[in-house]
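This report refers to the structure that appears directly beneath it.
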Amino acid sequence: MLITRREEFSASHACLNPALAPEENRALYGEDSNPNGHGHNYVVEVSIEGDPDPVSGMVFDLKRLKAVLHRQVIEPFDHRFLNREVAPFDRVVPTTENIAREIWRRLEPELAAEKARLHRVRLYETEDLYVDCFE
Amino acid sequence: MLITRREEFSASHACLNPALAPEENRALYGEDSNPNGHGHNYVVEVSIEGDPDPVSGMVFDLKRLKAVLHRQVIEPFDHRFLNREVAPFDRVVPTTENIAREIWRRLEPELAAEKARLHRVRLYETEDLYVDCFE
Amino acid sequence: MLITRREEFSASHACLNPALAPEENRALYGEDSNPNGHGHNYVVEVSIEGDPDPVSGMVFDLKRLKAVLHRQVIEPFDHRFLNREVAPFDRVVPTTENIAREIWRRLEPELAAEKARLHRVRLYETEDLYVDCFE
Amino acid sequence: MLITRREEFSASHACLNPALAPEENRALYGEDSNPNGHGHNYVVEVSIEGDPDPVSGMVFDLKRLKAVLHRQVIEPFDHRFLNREVAPFDRVVPTTENIAREIWRRLEPELAAEKARLHRVRLYETEDLYVDCFE
Amino acid sequence: MLITRREEFSASHACLNPALAPEENRALYGEDSNPNGHGHNYVVEVSIEGDPDPVSGMVFDLKRLKAVLHRQVIEPFDHRFLNREVAPFDRVVPTTENIAREIWRRLEPELAAEKARLHRVRLYETEDLYVDCFE
Amino acid sequence: MLITRREEFSASHACLNPALAPEENRALYGEDSNPNGHGHNYVVEVSIEGDPDPVSGMVFDLKRLKAVLHRQVIEPFDHRFLNREVAPFDRVVPTTENIAREIWRRLEPELAAEKARLHRVRLYETEDLYVDCFE
């Protein structure tokens, strides 16, 4: 069984690889490479896998999931320009793929420490584009 | 191939384990444990797995799926206080997880009798919280 | 200019007029009259009318709007059985119309005291049914 | 990792198997069998599986995915009566299942030629009915 | 106070004025002028204006509104090719504007006969295009 | 009658009045005042008022509305940091209110020149916050 919780954060990003020349970034990312950044209302869905506890009827305490998600993701990412203010996006291009993977890396060890198995991180950049990360 | 049909029902629930003391229920479920209940517009998605029939082009007749879903779930659950009016929620805490599992138990045998393989029951309590049940 | 903020709360209600006989309530409200109640994820939209302040560029400080809305509506209504726990719904039938009007009555004086003109309260019972209240 | 892009198209269809008698089509498909057709705002989601490229941070260039999707699906299907104007729906009943499978068949070879692994085609006929196709 | 109810229907239309030459229709309506038609999941919202009844707490009985809406609009329009099967669209171009106005004309007298004041008909052709009709 | 068209753009903004001290901006706008900016998927709805033309059945040609909206708003605003790249937001704080009013100012004269009466600009910053501008 999977239980999934959704949260939103608003952030800016620029798709720019600092190892590439400006014209290479422009060719690769188009208008996403504007160095001033542009922004999205990102939606993140976190899925935990497990069986409902026989006493509580819950796979995992949602209050604890919310606390981990806020501490590791929403608070550091929300209202930030990711490339300038959130590691490792000073050196890792904050594509939707890389942001989703970073969210996985921030959540998985904390959830494992609480005996929760993280199954999937889904990240919507817009309603029309999303990424699923399983590791 | 999977085909999925979505339906809604409105119901009340209280997250209360009758085997626990009130303060234990309060610690476990917070405001969800209010014994008067509170409610949701639940959304249920039922997914059937199979290959499209070569004549009809359909995995399963959606009119029959709708009939089973209404008889087994929508009619008994809609406009009810689950803890008081729908078995087994007089003794099983109606968390989203347990409601989803009960929906699976009500649908699977009827669908199997009609040669349809139930793949997943997804239940949204709100837009921000859902459960996937695969057995 | 209007600025509108949306919030959600989950509550139970029963459409029952205590002055009517059970069969009259049944005739009037159908399955909504189940005295055990059923529930919804209500969505409330509050619209303030005004001109943007020349310094702040804001019609009204959204932090203050949120504070009033939470204190007057979300906290008392959320996770409650309205008929039993929230006045005046012990004697006023909590139809969508009457809940919207009660929200207006709770918000308007507090907002007026903060020099904000309340223009509209919109209340969604489901995605398919909503009420607009202007006084 | 999966990356998914969503697009819409508006089309008409009639669920009619030309090999069946009118009354058989009526029994099988109900009002969907009206030979004049009726229509939907179809939503298609295309998911590509892979690892983000270490330089670009992308699983697949979304500009190329969009180009393939438009050339193979959106342009030929949008604003068409599928049964009369889009092969093979002159002889294959355009159920949601068969349309999704045809979209897979049109996309998979082109994407494979660009070294992209197609994982899933999801097709919504309405918000309440969708199909997932994996081959 | 306004109460609004939402319903959906699926229909085909072609934007073609029979009084114009094909190239004029093409210039005016673009791909919408394909005579085979294309389709949409139309969403209609019907708003009734009034005060809540002091006994029922309702502006208008929603069961009666639903009955009128189904008899006058959903049943005749759903799963139809409007130009060929629904008057007056054999001679009136079924643009979103004209469909909305026709819905008003079908609903207003029946609702007036039931003492309900129709305030607005809103018709969505897609999520990105809608029309509001007030007479 | 009103016809409304919806479009999206992604942009960054910072709520900062250059005439105020940093601590005043912080007190006024909270985390919105981060000078690096943060972003949103803005949704803009443009409503035109009029009667359907007797020949075309249209209030206004949607292809022309789309052209004006793209040239005046979507192209200059999309993928930009509004404070740094789009006048007058170098000196006018880009609150939702001020962005909506600027959209009105950019659209109204062009639409008037095409004989279209602009009725309303609605701007969503998120699903939970929007502004309506009527002049």
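Here the chain labels run A, B, C, D, E and F in written order, and each chain numbers its own residues starting at 1.
Assume contacts are C-beta pairs under 8 Å (C-beta built on N, C-alpha and C of every residue); 3 or more make two chains touch, one makes a residue touch a chain.
Computed from a prediction, not measured in an experiment: that's the story for all the values here.
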Check your understanding: Chains in contact with chain B and with chain E: which ones?
Key -> C, D
**Study point:** Contacts common to chain D and chain F (chain labels)
**Key:** A, E
Revision key, fill the gap. Relative to chain B, largest Cα-centroid distance belongs to chain F
Review point. Same or different: do the copies chain C and chain F touch each other through matching residue numbers, with over half of them shared?
Key: different
Point to revise | Approximate Å spacing (C-alpha centroids) for the pair chain A, chain F | key: 28
Study note, to complete from the structure: Cα centre of chain A to Cα centre of chain C, whole Å, reads 34
Review point. Between chain A and chain E, what is the separation of their C-alpha centroids in Å?
Key: 42
Exercise for review: Could you tell me which residues belong to chain A and also touch two or more other chains?
Suggested key: 127
Review point. Could you list each pair of chains that touch, in label order?
Key: A-B, A-D, A-F, B-C, B-D, C-E, C-F, D-E, E-F
Review point. In the complex of these two chains, what residues of chain C are touching chain B?
Key: 8, 10-13, 31-32, 34, 36-41, 78-81, 84-85, 126-127
Point to revise | Of all residues in chain D, those that touch chain B in their complex | key: 15, 17, 19-20, 28-30, 92-98, 100-101, 127-134
Point to revise | Touch list for chain F against partner chain E, complex | key: 1-7, 47, 52, 55-59, 62-63
